[in-house]
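Two complexes are shown next, each including chain A; its partner changes from chain B in the first to chain C in the second.
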Partner chain A sequence: MINIKYFGIAKEIVGNDVAFIESSTISVADLRQRMNEQYKAFKQIKGYMVAVNQEYAIDSQIINADDEVAIIPPVSGG
Partner chain B sequence: MKNKINVVISEETLSIDTVYQDVHDELCGGICLFVGTVRNKNKGKNVTHLDFETYTPMALKEMNKIGQRAVDQYDIQHISIFHRSGYVGIKDIAVIIAVSSIHRDACFQACQFAIDTLKETVPIWKKEHLDDGSYWVGARP
Partner chain C sequence: MERNRYIRHTLLDQIGENGQKKLSAAHIVLIGCGGLGSIAAPYLAGAGVGKITLVDADKPHVSNLHRQVFFDVSSMTQTKSQALADHIKILNPTIEVIVKEQMASKKNIEEIIKGATVVLECTDNIQTKYLVNDYCHIHNIPLVYGAIYKYDGYVSLFANVGKESIHLRDIFGTPNEDIPTCSEVGVMGTLAGLIGLMQANEAIKYITDAGQVLIDQLLTYNILDNTQMKLKLKKSYKNDISAIYQVSSYQSKSMCDITEITLEELQSERSKYDLISILEDYEHKDIDNNVKHVPLSTIHPEELVEDLEGPTVFYCMTGKRSIGLVRMIREIDSSVEVYSLKNGLKKL
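Showing the complex of A and B:
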């Protein structure tokens, strides 16, 4: 099981700030695909980044069960 | 003296003087402050307030990276970056960046670099509340 945090508009779409996916290991690219299938409204976002252990991750990175994963919609601080 | 990088995310009102004192140094001939404030209009609509959501541990890491890059790229002494979370009213301060340097050019440039990069990389989200609704800034195409 992989624990995923959501923020901003992604949190609103998912309806929760955390959700699990049933998997022990998954690439960032596959996670994106699963997210996009599960939450169709993600298509309305202007893209999002995936962070693994509080660092931006590239699509080929492999996520393991104990990793801290977050969906990062377009940031707008400042 | 060693460069100091300080980053803070606060639910409380930000104090310009605190951030200023943070970078003050007898070696320095200049301090550049950027203060980001909340305006009451955006694209012709009346803004009532903002709400900032933060992924705090990662945001602090990214803010630290900005500080480190600023120290590496510009001839500065110290840099402090303070950002608000939660409810921020009109005219209130959302962000303060202070940079000190021996000569002024470096602190101007580093301050500009820091705010521009913060807006691109730091996981903080702004929800803009209007008279007639609210939305996450920059989230939709």
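Showing the complex of A and C:
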């Protein structure tokens, strides 16, 4: 089980602040793909940042169970 | 009286006389005087930043006043940059304030940023955020980034000491124009104030060497549950920013920008565009011998978007039908480069 926290518009797309995915390990690239498939509106936040344990995670990074994952969409307001 | 102006600062071990001198010698360029910038500016002026340049061509609107609290109903005819300058000059007459009633663009960015110790990027325009980021990175100018969405805010400081310095493109590689803006979805007034103040705070700390600044870190703040995260950033953007800068126009492709081009503009760069006549069969006329003809009555915009191969100009008799079509296409996908020929065939 991997715990994912959503920010900004990602929260609205998913409909929740926090959601789990049933998986013990997954790469960041696969997580992105899974999100894009599950939520069509994720296309709107393309280029979002994935953080694992409060650090920027590149696509090849492997996420393990109990890691703290955050999805941070781009924002333009000012 | 002036002797005591900064006494609450100079008493602090993290600022002191030395830090105050550094603030006095600093020049901060503040790009965008709206939700973030109009809050940051008075605090920077109060703190004694010696020179402040305010950049904005917009005028305050009554819908701005729930968060841009240093404007009022009497300042609606002035630009935000001028109204804010008037306010901070009275707040601190000892500092120099420069007003630039302009929107930052590739044309004026060099002139706007010239001589800056630190830049605060406070606009609500995604393209401007990348323009300022790229320019500051290339020219080694420290930049404080701020952005807000409804209840969430981001802050970071890009020190730009060299090519390895982390910047906006290491967080979000390319401008994403699909994210709704504050004017579309709303924003908590207090969030704009908090993030604008955090930007001012980072700039003051950076200049005075106080505490730890948000270099290589992105601070996220949610005002509904008060969660804060300090995310450690990594160098992830591999492209050469100077090359990107050369080819970028930093102009929004969205609906609010250019939807029409004139016959002269079309003809001067004819090879750049595909040209489609949307006139019906009975009225169709070619502009030149490289026109595709797709009558409007047969067009399904969703399918048409899929078929476009490059920047495309549509024309009709007066430019009315073609602009309607262009708006529909951009509604479907704002990044598609489609234009309407202004005044259609009337000018021919």
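Rule of thumb we're sticking to: the second predicted complex is superposed on the first by the 73 of 78 C-alpha atoms of A that agree within 3 Å, B and C clash if a C-alpha of one lies under 4 Å from a C-alpha of the other, contacts with A are read in each partner's own complex, and residues count from 1 in each chain.
Assume a residue touches a chain if its C-beta (ideal position, glycine included) is under 8 Å from a C-beta of that chain, and two chains touch if they have at least 3 such contacts.
Not measured: the values here are computed from a predicted model.
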(message) Looking at A:Ile58, would you say it contacts chain B, chain C, both, or neither? Reply first, second, both or neither.
(response) second
Q.
Let me test your reading of the model: by the given contact rule, A:Ala70 touches which partner, first (chain B), second (chain C), both or neither?
A. both
Chain A residues where the chain B and chain C footprints coincide 7-9, 44-46, 51, 54-56, 70, 72-78
Listed in rising order, chain C residues that touch chain A in their complex are 32, 34-37, 121-126, 129, 146-150, 152, 154, 170-174, 176, 178-182, 187, 192, 218, 220, 222, 225, 229-234, 236
Contacts from chain A onto chain B in the complex sit at residues 5, 7-9, 11-12, 44-46, 51, 54-56, 70, 72-78
In their shared complex, chain A is touched by residues of chain B numbered 36, 52-55, 57-59, 61, 83, 94-95, 115, 118-127, 136-141
Interface with chain C, chain A side, in the complex: residues 7-9, 17, 43-49, 51, 54-56, 58, 70, 72-78
